[in-house]
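This is the structure I have questions about; it appears just below.
Chain lettering (A, B, C and D) follows the sequence in which the chains are written, and residue indices restart at 1 in each chain.
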Amino acid sequence: MGHLKLAPRQYANHQTVITVGNARLGAEFVVMAGPCAVESREQMFETAKMVCDSGAKVLRGGAFKPRTNPYSFQGLGYEGLEILREAGKHFERPIVTEVMDPRDVGKMTDYADILQIGARNMQNYSLLKEVGTVTTPVMLKRGLCATVDEWLSCAEYILAAGNPNVLLCERGIRTYETATRNTLDLSAVALAKTITHLPIIVDPSHAVGVRELIEPLSMAALAAGADGIIVEVHCNPAVALCDREQALTGDDFARMMRRLNHLNNAMQSLPE
Amino acid sequence: MGHLKLAPRQYANHQTVITVGNARLGAEFVVMAGPCAVESREQMFETAKMVCDSGAKVLRGGAFKPRTNPYSFQGLGYEGLEILREAGKHFERPIVTEVMDPRDVGKMTDYADILQIGARNMQNYSLLKEVGTVTTPVMLKRGLCATVDEWLSCAEYILAAGNPNVLLCERGIRTYETATRNTLDLSAVALAKTITHLPIIVDPSHAVGVRELIEPLSMAALAAGADGIIVEVHCNPAVALCDREQALTGDDFARMMRRLNHLNNAMQSLPE
Amino acid sequence: MGHLKLAPRQYANHQTVITVGNARLGAEFVVMAGPCAVESREQMFETAKMVCDSGAKVLRGGAFKPRTNPYSFQGLGYEGLEILREAGKHFERPIVTEVMDPRDVGKMTDYADILQIGARNMQNYSLLKEVGTVTTPVMLKRGLCATVDEWLSCAEYILAAGNPNVLLCERGIRTYETATRNTLDLSAVALAKTITHLPIIVDPSHAVGVRELIEPLSMAALAAGADGIIVEVHCNPAVALCDREQALTGDDFARMMRRLNHLNNAMQSLPE
Amino acid sequence: MGHLKLAPRQYANHQTVITVGNARLGAEFVVMAGPCAVESREQMFETAKMVCDSGAKVLRGGAFKPRTNPYSFQGLGYEGLEILREAGKHFERPIVTEVMDPRDVGKMTDYADILQIGARNMQNYSLLKEVGTVTTPVMLKRGLCATVDEWLSCAEYILAAGNPNVLLCERGIRTYETATRNTLDLSAVALAKTITHLPIIVDPSHAVGVRELIEPLSMAALAAGADGIIVEVHCNPAVALCDREQALTGDDFARMMRRLNHLNNAMQSLPE
C-alpha cells in the first residue's frame, strides 16, 4: 500500500475525529439508524422517532436508491431529501444519505450532513473527485469485492481532492456463501484500523440481510474496534419498499441499543 | 431474471447485430485491439498499424483511465481522444474507448464509435442512463464480482433508457486465485448467450493479465461461442504506461490472428 | 511454486503421456464419459454403449459417491465396481472411478484403470500418499477453492510417493456466481499447461451443472489446450439418482462428439 | 437445510454442552491455546505453562500437520502425541489435536481429549464416519470454502454415525482478499448459532494469520456469541516451525485473556 499518502496512520499520526451534530465519529461509538429508503413523511418521522428515542445519533435514509432492477422503486429523489432535512431538524440529528451522481453533489450538500458513496460506486472516480471538492463529510462504503487496499485508495482519491472528512464503511463482501446476503468482514475492519486514521463504520444490515443476525454482529463490530454502526430500522418492516428482511423493528433496535451500551461501557474500561 | 424485459432472447427473438465500420458485431467473430492507454501519437499509430495489418476490425485505446492509485497516470483525456480519432480515420477503423463520467457522454460521441463502460462503473446507474440517451453503441463490461443477472440488469438500464445498441463484455471475475489477475469466466459467456440477444465480447487481457495465456483463452472464447474479443497490444510492451505484463507484441498478435482465423473457419462449418 | 520438484515442466522436460487402453492421455484429446453413479447393470451398459458408439475412449462411473447429504444415495460400492469392471471388459474400455478411503486403494486397483481423487479429497494427504504407492494412474481433481499452486502441490504428493502417472482435472471452482453450479476456470488450465508436464482434463459437467452449457464449454476446453474432458452421460437423465440436471443424453453426447472431432481436426493443423 | 436431522436446534431443543476437563463447551466461553505444532518437549511445556497460567482451559498442539508443501515439516506424529499427553497430564488440561487418517482414529483416542478434523478434511467422509464410531469429542473445522449448510451436513455425518459430541470451528474462509490469510466469517457463526445446538468455536489465528488482529477478532467472536476460541501461542514465535506470523507470544496472550475476561463479564450481564 505504498501508494497511499494521506490515508495512512503515519500521515496524520492521530485518529481523525469528525464531528457532526452531537456525534464525534472516531472518538466514540456512534450508531446511525433509519429506513433503507425514505418512503413518506409519516414513515420517516415515525422511524426517526423510534431510533432517536433509543439513542441513535445520526439519521439515515435513502432518497436516491441504486437498484439492481431498473424497473423497481428508485427512491423519492429531492422530495425525499426535503423530508430527510425536515426530520433532521425536527429530531436535531445530522443526516446521512447516498449521492450517486457527480452532478448532484453541490446541491446535496444543502441537505446532507454526511454524503454516502455506495458500494457500487466505490470506484466511480468522477464521483469521488467531486465529493473531494466539498467539505461535507463523506462515508465511503467498501465495494462488494474490494480489497482493503482498493478501499483505502478510493478514500485517498477523496482526500487528495481536498476533503479531509472521510469515513469508511464496511458493509459485507461477496463470497460463495448464500445463506447470508453478503459476508461481514470484521477482519478487514481490524486490519484497516491498524493502517488508517480514518473512522470506520460497520453496516451489518447490508452485510447479512437477515434481521436476527444484526444484533450479534453489531456487538461483534463494537468489540472488534469499529467506530460505529449504521443499521436499517423501519416502523413497519413488513411493508418496507426495499430490504424488508433486514430492517429491524423499533423494539429490536431498542433492545440492541441497551446491549450495545452495556458492552460499550465494558469496552471503555478494558484492562491493559 | 424475471425483471428483464428488453435484454432476453424472447424480446428480440433474434441475435442483435451492431454494425460499426466493417465490423458486424453479433454476426461474425470480431477482434478489437490496441493499447491499454493512448500514450502518444507515435505509439498509437505504430500499434494501430500492427493490429490493422493483422486483421483487427476495431481499434481500442484508453484516454480516460480508471486507476486504483490516484497518483498514477490517468490517461491523456481529450488530447488522447483526438489522437484516437485521427488513428481511426487513418486506418479506417472504428474506435472503442472508455467513458467514465456522465458529463462527458455527449462530447465523447464525437470521438468514439463504441463507448465502453468499465467494470468499475458497471453499476454506475447515472452513467448507464446517460449512455442510454445516445445511439452510439455501448460496450458494457461485467463488474469484477457481478453475477450474470446483475450484468444483464445493467444492460437493461441502457436499453430501457432508449439505446438498443448494447454489447456485453466478459473481462474476468475476481476469485481467490492469485496466479492470474482475474479468472476468465467462459461459463458466464456460454450462459449469457442462452439468455440474451446482445453480442458478447471477451477481454482475455484483463481477465488473466499474463501474456502467454491470451492466445489459448482467445481460442477458447471463440470456441465457447463469443462474438469477439478485445485484446491489448502495444508496439513496445516493456515501456507501456499501464498493464505492460498483459500487452501482446505485434508478432504475438499476428500469430494469434492466424490461429483464430483457422479455428474460426472450422467453427463456421460445424456439423449438426 | 518453488517447492515443486517433480511436477514442473523443467523436471520432465517433456509432456507426460499416460496410456490406458486405447487412450494416450497427454498425446491426444481424450473423452471420458459415463454416468455420475453406477445405478444398475442395465443403466451402466446402456449408457456405456451410447458413449462408446460415439467415440468415448474411457468409461466413467461412480461406485463410492461423496454426497453432501449423509442420508442420500452413497453409491453401490463394490457391487458397483463389479458392474463397472464388467462394462469395461464388454466395451473394451478402461475405467475411471473415484476412491475415497486409503483403505480401499489396494483393492480398487483390481477394478479401476484410473483412480479418481475427488475435489473434496484433493488435500486428503493420507489418501494422496496411499495412491502414490501404486502404479495405477490417478486423476486428481482440483479442489473447489484450490489455487493452481495447491493443486500442483497435491500432485507433487502423489509423485513424491512414487506414482508418476498423475492426471490433473479442472472441475470448476466456487465463486459468488449462482447461475451455474461452479465456475469453469480455463485460465487455470492454460496456466497449468505452462507449468507442468502432467496431462490436464476438464470436467464441464460438474463445473457448470447445466446441460446446455456442456457442449460450448467442452469446445472451449479443447481450444484452450486441455488434454481431454470427462462428461456425465445418462441413458435417461430424468431418472438419474444424482446430478440429473447436468447429464447429457446419448443424442446430446453424439452431437457434441461430432463437433469436438471437427474442431480437434482444426486444432491439429494450427498455423504457426 | 431440510436434510439435517440431528444437528438442528429443533432436534435437541437445548444447547449441547460437552465437558472435557474443566471446560464446559457450550456453557461457558472456553479458550483453547498452544502451539501450531509440537516441536519438542521443551517448546510444548514452556508454551503450555504460559497459556495455562493465563487461563487457557484446553491445550492445543499438532502432531500430524497437513502441509501444502509435501517437503516441509509434517509434524512429529506419535512422538508428538506422547509429548502432548504428558503436557496435558502435567498441566491438568485436556488436549485437542488433529487426526488426518481414519486408520489413526482408534489409536488417537488414547491421546486426545478432543479430535480435530481440519479444514482440508471437512468433507473426508471416511474420516467423518470413523470419528463417528468413537465417543471422544470431535471439533470439526469449516472447510475453506464450505457453506454453513455443508459444514452442518458434515457434522450430521458424525452425529449419524453415533458420536453426539461434536464441536464446530469457524477458521476463516477463502475470499479474494489477500491482506489477511483468510477472512474470518462471524456472520456464519451468528447464523450457525441460530440453526444448531452444537457449540461453535472460532479460530482467529488461521482466519487472519496476522498477530495484531488476533485480539480484536477474539473479542469480536466473544461478542458475536461464539462458545470459545482456539488460538496459536508459541514460547518463541520467531523460531516456530510453522505459522510463525500468527502465533501470539505469552505476553500477547496474557493481555488478551485479561481483556476477554473483562468483556466476558459484561456479556454475562447483558440487559434484555
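Descriptive notes on the structure:
The rule is short, and it goes like this: contacts are C-beta pairs under 8 Å (C-beta built on N, C-alpha and C of every residue); 3 or more make two chains touch, one makes a residue touch a chain.
No experiment lies behind these values; they were computed from the predicted model shown.
Farthest chain from chain A, judged by C-alpha centroids: C.
Chain C and chain D have centres, each the mean of its CA atoms, that are 34 Å apart. Inter-chain spacing, taken between the CA centroids of chain B and chain C, is 34 Å. Chain A and chain C have Cα centroids separated by 48 Å.
Across the assembly, chain D contributes residues 145, 149, 174-176, 178 that each touch 2 or more other chains.
Contacts between chains leave no pair untouched here, as each chain touches all the others. Put simply, chain B touches chain C in their complex at residues 145, 147-149, 172-173, 175-180, 182-188, 190-191, 193-194, 207-208, 210, 212-213, 216-217, 219-225, 255, 258-259, 262-263, 265-267, 269-272. Residue ranges of chain A in contact with chain B, taken from their complex: 3, 5, 66, 68-72, 100-103, 120-121, 123-127, 144-145, 149-150, 153, 156-157, 160, 174. In the complex of the two chains, the chain C residues touching chain A come out as 145, 174-176, 178.
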